[in-house]
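Okay, so subunit A shows up in both of these, paired with subunit B first and subunit C after.
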Partner chain A sequence: MNENTNFSQEVTKRARKSNPVNKGMRSKVTLRVITYIFAALILSLFLLALIPGIRYWNLDFFTQAPSNGMTSGGIFPALLGSILLTLLSLAIAIPLGMLLGIVLSEYNLEYIRFVVTILSGIPSVVYGLFGLGLFCITLGMRTSILAGALTLALMVLPVISSSVYETMYAIPRELREAAYALGARKSEVIFEMLVPSVKRSILTVSFVAAGRAIGETAPLILTAAVFYATNLPTSLLSPVMTLPTHLYFLSASYGKNARWMAQGTTSVLILFVIVVYTIAFAFRREKK
Partner chain B sequence: MSDVIIEVKNFNAYYADKKAVKDANLKIEKNKITAIMGPSGCGKSTLLRSINRINDLVPEFRIEGEILFHDRNIYDRETDVYSLRRRIGMVFQRPTPFPMSIFDNIAYGLKLIGVTEKKEIKEKVRWSLEKAALWEEVKDELDKSALKLSGGQQQRLCIARAIAIEPEVILFDEPTSALDPVSTQKIEGLIEELAEEFTIIIVTHNIGQAARISDYTLFMYQGEIVEQNETTKILRNPTHEVTQQYLSGKIG
Partner chain C sequence: MNRSTKDTLRKTLLTVSSLIAISAVFGIYIYLIKESYSAFQQVGAELFVSDQWYPVWDPPEFGMRAMIINSLMVTLLGSLIVVPFSYLIAIYLHGYAKPREKEMIRRIFEYLAGVPSVVIAFVLLAFVSPLFAQVGIYSPQNLLLALVGLFFLTIPICTTLILESLDSVPKQVEEASAALGAIEFRTYTRVTSKAALPGIMNAIVLTANRIVGETIVVLLLGGGAAMIPQKLTDPMKTLTAAIASEMPETAKGSLHYSSLFAAGLVLILFSTLFEVVSIAILRRNKR
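Showing the complex of A and B:
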């Protein structure tokens, strides 16, 4: 018994000697190396896609429509279409997603949460087909900004609501109790205590959602985008060009002569995503 | 006892089928400090949390019997539980500052009772922080996040938040058990001062704390109130065997 204790103490002592100093250091270094390798991979990926296109950027590239069978001009209509679609879809999805997230966390709705989780895993092309059937055909919106924005909104809704749900749910029960103990009603606990304290997370996820919405291609081909629009959109029911669909059409059906425009467009998309995620990341960091 | 403000009558409390408080009977006197003591799990918090009906939030919680506040049963159908909680405030074991500024923490409660005028809110924020002995420390940084305060300061903020809406009774559930000795001492002093204006019920594990600040003590064991009396009498001369054991440190 006594010997045993001594022995195990000895082992612990030895382990302590080697562990935090040597082994700890070694695993720290290994971790760091792995991190650097990944960072380098991601960075080179970005740079390889981002850099080659930047040289095509000039004022015309951003302000002109494509011309001469996509061999000259710029991407203005696609840029405008993407911005309109992203903003409109977020304007729809953020309030709804917030509300859904709040309802999920404050009311015991296990099965709806399950459905939302499934929805966030469905491929975007399925959302596109759904939007095509419901918005474009059944509701008669045809191929239009509105149909596309609604489809995108449906797609990012589960993302936003899951994230709002997670942050709300993580707020300790004691805090809710403390608010109730002051005589607050449920709505006063939710909208005047909980929601203000998750404001920042909502902002963060909005930018993440913007990053997803801007790059979606398949659902927009089905619901909103045309490969070439002679006019700028005049209403929410007009079809538009967008950056990712433009890129897709360029690569799929135009030859070498349009490659420069594809590269330039790629760079714009990547830059956009970098900016949006950087903002989201900055918000998240500041919270901590 | 003269001025009785709360009376608990034949009160039982259950979590599903588990009986947590058994046939409790007690009277709380106005402007006095009543301590509830007893070993862990004996039902102190359950009894306390029944008095402002905050335990209504716990699923499967149910009660039998009555708790009278100014001679009216708070479990009556017509009781407005929200205004009841405004009149019976509560401070919890772990500090519960809301994740917002110091000022907004107190303003939150004020807005709930319908104080909307900016000047009045400012005055009451100051008044309550002064009463909670926190004003001098935070007066220049009311916009700072309450989460950046120390644990002891956070707890005093929670006290300020509770008194800002001017309740009649304040319930404390082990308010110092998560704090260091210096903060504990400050809060004990504070509670004694508050007793001039409010009626106070405090759950505590700390015999010294009960001795220092309370006028009356209830001693609970396995859901039952086994002894209640003036604190000095109970501490000097416990009549019940478990109380004696608890006070001598044999159980707890």
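Showing the complex of A and C:
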């Protein structure tokens, strides 16, 4: 009797196991668990970056320079440096990236596409080496805002141009043909019809590029940033402190006493990223 | 401004932008070769066959073979960890997740993609690294921790790229597979994945490229010993880490400076190779 129940239980178990529907359920559940575990890990990374540092925020933290060997004061010079560098690099990269995106989309030049793809893959530290060699040394800019901004601009150029390319390329052929039929020249079709219609996407990608530019560390260590600037920058040729390089120097070479400042800086950086990307996503959704 | 001057002006602007892009690529290559020339001339083959990297000793040694191997090893191990998980997550999001759920998880990944690598490095350094001491690992920064950092850094790109290629497979292919009696999981892993294979391979190549060029995470988390690690908990240093950590203290024009440019040259060769492979995969797929 007992043997019999065991047998029938075994049969049911095997049948259930080999039933394709159950198999499908199992894989679905497994995949869902994996996905949710990683989503949770990522969220906890965000929380660990954001929350512990917020309690160090106060007026002094944002308006003072670091003092006493990075153990007191605030991050004002780094904040200012990051804002200056990001704005300057975007001011260079956005117009240039837009023009390059137009070339990618409207002129069927295989080698330009190749060049932009190669540029997009070059490691950031190599951009830093190039910026150091060309801007800082050969052109005599030294370690400066200008050299850093030019290097960053070159780095985000492929990001901006390929995004402009994608949106512009997706505009239906017929629109261009209609404009040509009205007697427009190619440059008029591009600048008077296509460019206005991709304005919003340029705005979106500007925010994405700002997010990229503000977090870059390695190229700035080589071209623009110093670990401690005694004065605020007075011209484009002054060296600066920036948020990511400040955080890097704090974590690389300062001990426990500077850790609070590193945490505060981390929170500022991550908050900045969240805000910038939220704006970018909002623009993108509106477009849809 | 009359019509034809406007036309000429706009064309000139477009030409200038293309010229800047082209000269950037050539300029970067030329600069790296030019600045690393004296290292090749004076150190020669020792650069690539020796493991002894003691640039500030007297006499200095500039053998970066160990760092090249470390860069490649980190790339290989990092990809091996991140790609399978990305694939599974992408399969879930592609096939099983509800639209809202998919949108939300994608959003989380997109935000993560924007997190600066120095932030990821700091969080791991502050919260995970101290755990190593508690389990008796002598080096609080090591290969394992660097791999964890690289995982967080690359999982959004890898997942998004794989998901995009899975989503671009025509619905009919999956319907045909289902009509033949394949369960969902089989359809996604055997049929959809096969159709999306070029896209998935492209995702793997771009992930590898991202890892080989990553600097701050491997610099802060890797521990910085210019030797080949024997186990996961050994410290190590990659080419990128050497450039970023040593360049600021190096005299411009010195042999050390030049050999760091040689390291940059090796890196850009790797990245160009990866990008060319990626272009080739996508182009073959188009035909």
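We take it that the second predicted complex is superposed on the first by the 247 of 288 C-alpha atoms of A that agree within 3 Å, B and C clash if a C-alpha of one lies under 4 Å from a C-alpha of the other, contacts with A are read in each partner's own complex, and residues count from 1 in each chain.
Operating definition for what follows: a contact is a pair of C-beta atoms (placed from the backbone, for glycine too) under 8 Å apart; a residue touches a chain by one contact, two chains touch by 3 or more.
As the structure is a prediction and not an experimental result, all values here were calculated from the model.
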item	value
Which superposed partner A:Leu175 touches (first subunit B, second subunit C, both, neither)	first
Partner, of subunit C and subunit B, that touches more residues belonging to subunit A	C
Touched partner set for A:Leu237, first subunit B, second subunit C, both or neither	neither
First (subunit B), second (subunit C), both or neither touched by A:Pro196	first
Partner chain in contact with A:Glu188 - subunit B first, subunit C second, else both or neither	both
Interface residues of subunit A shared between complexes with subunit B and subunit C	185, 188
Subunit A - residues contacting subunit B, complex	172, 174-185, 188, 192-193, 196-197
For the subunit A and subunit C complex, residues of the former touching the latter	20-21, 23-24, 27-28, 31-32, 34-35, 38-39, 41-43, 45-46, 48-49, 96, 99-100, 102-103, 107, 109, 111-112, 114-130, 132-134, 137, 154, 157, 161, 185, 187-188, 190-191, 208, 211-212, 214-218, 221-222, 244, 247-248, 251-252, 259, 262-263, 266, 269-270, 273-274, 276-277, 281
List of subunit C residues in touch with subunit A within their complex	3, 6-7, 10-11, 13-14, 16-18, 20-22, 24-25, 27-28, 31-32, 34-35, 85, 88-89, 91-93, 96-97, 105, 107-112, 114-123, 125-127, 152, 155, 183-185, 206, 209, 212-216, 219-220, 240, 243-245, 247-248, 252, 260-261, 264, 267-268, 271-272, 274-275, 278-279
Subunit B - residues contacting subunit A, complex	52, 54, 57, 82-86, 89-90, 92, 94, 96, 98-100, 108-109, 111-113, 158, 161-162, 165
